[in-house]
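There are structures below to look over.
In the two complexes below, chain A is the common chain; its partner is chain B in one and chain C in the other.
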Partner chain A sequence: MSDRIIVPPPKRLGQTLGILTVILVIVASAIFARFNIIEVILGLQRGGRILARMFPLPGWFGPLMETLQMAVTGTFWGALLAFPIAILSARNIVDVPWIRVPLRFFLNILRTIPAMVFAAMFVAIFGIGNFSGVIALVIFSFGLVAKLLFESIEAIDEGQVEALRSLGADTLTVIRYAVLPQILPQYISYTLYAFEINVRSAAVLGYVGAGGIGQLFERALAWRRFHEVGELVIVSFVVVLFLDFFSAKVRRSLI
Partner chain B sequence: MIEFKNVSKVYPNGVKALNNINLFIDKGEFLVIIGLSGAGKSTLLRLINQLIPVSTGQVIVDGVRMDTASGKILRNMRRKIGMIFQSFNIVKRMSVLSNVLSGRVGYHPTWRNVLGIYPEDDKQIAYKALQRVDILEKVHNRASDLSGGQQQRVAIARALAQQPLIMLADEPVASLDPITTVQVMDFLKEICASDGITTVANLHHVDLAWKYATRVVGVRAGEIVYDQRPSQTTKNQFIKDMEIVYGRPIHHDEFVIEEAVV
Partner chain C sequence: MSKGFEPKIYYRTAFPMDSEGRFLVPPALSRTEFMGRILNYLIMALIVIWGLAGLQFKGIMQTAAATVESFGRAFIQPDFSYLLDTTMDGLPWALLETISIAVAGTFVSALLSLPFALMASENLVGPRVAAWGKTIITAIRTFPELILALLFISVVGPGASAGILALGVHSIGMLGKLFSEAIEAMDMGPKEALESCGGRPMEVLTRAILPQVSPELISFTLYRFEINMRAAATLGLVGAGGIGAPLIFAINGRQWPRAAIIILVLVITVILIDNLSAAIRKRLISGR
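After this line comes the complex of A and B, so read on.
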């Protein structure tokens, strides 16, 4: 290479430099002012303890967070597993009928079984606790995302696939360059959709002993503490409404 | 460079696309294939890099039997064969640079392609390719932001990044306006001539074939019915001969480029 072409890097670099400069200025002034971040964190921790004693968190806060964690974990692993299965189920990328046909059949069966039934089954297998709930949600979101995704994969522009093949790309490379960029927005959108459903499912999974806020429901109802039931209904309603609204907004901006 | 020996293609649905094709294409040739839609032009082109497998017969490229090649051997042959398409087929959601760099995937192991990390030398190859089609200033743009003519030039740059021996062009200008058509064809012709790249192009317009081809092959109903060098005939005779290919006379108002340009 005798005459190299120097191309200015994308504008992103300017932004990064700007951010770095700001950070540098902040750090330098902090050192100059003998500002110690560790002391602040320790102070905040003390403050936090005092705050928690001043305003104790309601009893439903922990289980609610557990419910959301279950929904996030379940959706994440389910959607991740769905990607390779969707590729294998789509007719246009890896065309192996003896893999595709049983896979599609299996996905159809998965989607006919509600998450609650899975949860009850896994409670029987793995015992009471949120692990059983998470597994149920993984399977549910896997079935949903895999089905929607393989249909999107079958609808991609085949020309880009053909072009990549003509470059001498193998199947994995074709997936990376010609399939992934085309389906990524849908993939994220389906995952968020599964998350919306999972938050709602996770809220009642506790009924069968699979962890989360549903356990509180069950207990409050059993003990006929209706003021607690009312509180839980309102909390679940607000959280689900808020997440639905947020997720729907993100999904609209993607497609 | 490229040889077809008794090649036939029958699609699984029973359509006979090509029937007993024998064709030898020399190194450095700019061969244009003309014919009606459905005559078998696209099939003929895709048999060269085996995007479509042959039914019977042999396809030999640079001394290698393409019809029996598979796996790594086939992929290594394909990286020597650039291809551009009517609908450009660049990845619209990637940057221009990523698109041109994807022309290098045939040279790297899969993990490297999947991670999308390219050596600096590849970037230089990509920049040079973009410079040759005069679109280097769009290097960081998203491919979908470009116009049709610009997208086709990116597609040419991607094929150039392969450093190919052969260039296949499937209706490269069919979705472009007349002025962009001439610009894209000029780039294609100039680059392939200066690099000694053997070119096979499907074209719809007989005046483009006349202007750019060193040899014109006419396909009709799956058979080669015409084979002539424009240098060895007159333009009037050439246009008259097109009746053999199209089954009816060609009129001047069917030309894309003005007489003055030709």
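After this line comes the complex of A and C, so read on.
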């Protein structure tokens, strides 16, 4: 007795004919009704405009998105730049004192200057706009992530590094297969931490003309429209709360 | 997430190599894992592109070259007369005011944080109350410092007091969280012993809880002091006292030699304070 289930062979021809008929009917009705997919795609914008007028977005929506975009860009590039610098200033990977010592000194100095001051200086160079704010955030997150990262690189398990070195691996291979896997969770966690801080500071950078929701804050306060200030406080509160929750969740899934 | 990179596998197989001496890649991912990872990367890439799309680069200001040049020159020849000006308009006074704002603000917040931290500790008040306590602390943390400073300016007028109050309230958000984590990690033995002997809540607090967690509490407070030192430097922007106001005025007025001396002094002070407080913290934690 076999445990095979016997399935009747499908009626191929009938099935194919059926599907073809259905497709034919659909296509024919579309052609008969002069339906044109290109027209739909071209016209989508007009529909979107009407929708936007039906459900108008509040005035803070654009600046809020700008703030988030600034925080994302600033954190991403800052954290990306931080990785090679952290490798270079970690004592156990690249042991060159005349690179390490000045780099660490430089990182220390970067972290002592508030992002606001950087933003004000870049506004003098790049003009008013969010670009200056983003550069300030890049520098801030670079300093923060690089400092935390080289400390955790120095705390990794040396066994894997030695095992690779003893097999004749060069420094790049050691970094890829012994260092990176060990520090990746911390790296992402520090980046998220920098992101949380950046969202908060991006929200006030507008004060010095560096874009984002801070400009609205400043304007509302200058005109003493306190109901607008309250609205902005609630909005940024909800966004920050949501992002904190989200990054806590990501962090927990890493550890 | 990095399931393919488990160190266990490395130890067991001792880095498998192929005949040409190249390292073999870590074990292959299953199809769903692979697709999930690709999806993660795609979402990441989309978020980064979205962020870049919001960037408005309007080119460099025409005066930028001159600005950078005079800025660089300012660091070679900073405005030393401002440093030596010992009146109320001088740098030493502003610096002292900044430090005192940070000290007083941190002290206020350390005191205010304790009740919030107790309320947010699950092992003292149970999970339901603790959840509320944690929410309140998070709410305080997300309220921007500068807005708080503006609120307090309308209460006490522009000046250092507004800065102290703003830092004092805002720091509850971080200190309360760290304090409650320290309390939650403590040994419950002394507390239960005191309670079973009929100790009143205040006695339990001062004789069982605080003695255990105080080194950590002081260490966190010092750490927050380092952060507040930096924050106090920006509060001046809205008129809450300290070194921030002259700094922003100097930058906006393109008085680079003055901005340079303020930044130099600020950097040196902050580094000194950081090192001092790091040394104290290390001592506290090692218990000597």
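Quick note on the criterion: the second predicted complex is superposed on the first by the 208 of 255 C-alpha atoms of A that agree within 3 Å, B and C clash if a C-alpha of one lies under 4 Å from a C-alpha of the other, contacts with A are read in each partner's own complex, and residues count from 1 in each chain.
The working rule: a contact is a pair of C-beta atoms (placed from the backbone, for glycine too) under 8 Å apart; a residue touches a chain by one contact, two chains touch by 3 or more.
In this text the structure is predicted, and so the values were computed from the model without any measurement.
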{"item": "Touching partner for A:41 - first (chain B), second (chain C), both, neither", "value": "neither"}
{"item": "Touched partner set for A:164, first chain B, second chain C, both or neither", "value": "both"}
{"item": "Partner chain(s) touched by A:172 [first = chain B, second = chain C, both, neither]", "value": "first"}
{"item": "Partner chain in contact with A:50 - chain B first, chain C second, else both or neither", "value": "neither"}
{"item": "Touched partner set for A:203, first chain B, second chain C, both or neither", "value": "second"}
{"item": "Which partner reaches more residues of chain A (counting touched residues only), chain B or chain C", "value": "C"}
{"item": "Touched partner set for A:70, first chain B, second chain C, both or neither", "value": "second"}
{"item": "Partner chain in contact with A:5 - chain B first, chain C second, else both or neither", "value": "first"}
{"item": "Partner chain(s) touched by A:20 [first = chain B, second = chain C, both, neither]", "value": "neither"}
{"item": "On chain A, the residue positions that both chain B and chain C contact, one per complex", "value": "157, 160, 163-164, 167-169, 173, 177, 181-182, 184"}
{"item": "Chain A-touching residues of chain B, taken from the complex the two chains share", "value": "49, 51, 75-79, 81-83, 85, 87-95, 102-103, 105-106, 110, 113-114, 116, 121, 123-124, 127-128, 131, 136, 139-140, 155, 158, 162, 168"}
{"item": "Residue ranges of chain C in contact with chain A within the complex", "value": "1-2, 5, 7, 10, 14-15, 17, 21, 23, 47-48, 50-61, 64, 67-68, 71, 138-139, 142-147, 150, 230-231, 233-234, 237-238, 244, 247-248, 251-252, 254, 259, 263, 266-267, 270-271, 274"}
{"item": "Residue ranges of chain A in contact with chain C within the complex", "value": "65-66, 68-73, 76, 108-109, 112-114, 116-117, 120-121, 124-127, 129-131, 134, 157, 160, 163-164, 167-169, 173, 177, 181-182, 184-185, 200, 203-204, 207-208, 211, 217, 221, 229, 233, 236-237, 240-241, 244, 253-254"}
{"item": "Chain A residues touching chain B - in the complex, by the definition given at the top", "value": "1, 4-5, 7, 10-11, 157, 159-160, 162-170, 172-173, 176-178, 181-182, 184"}
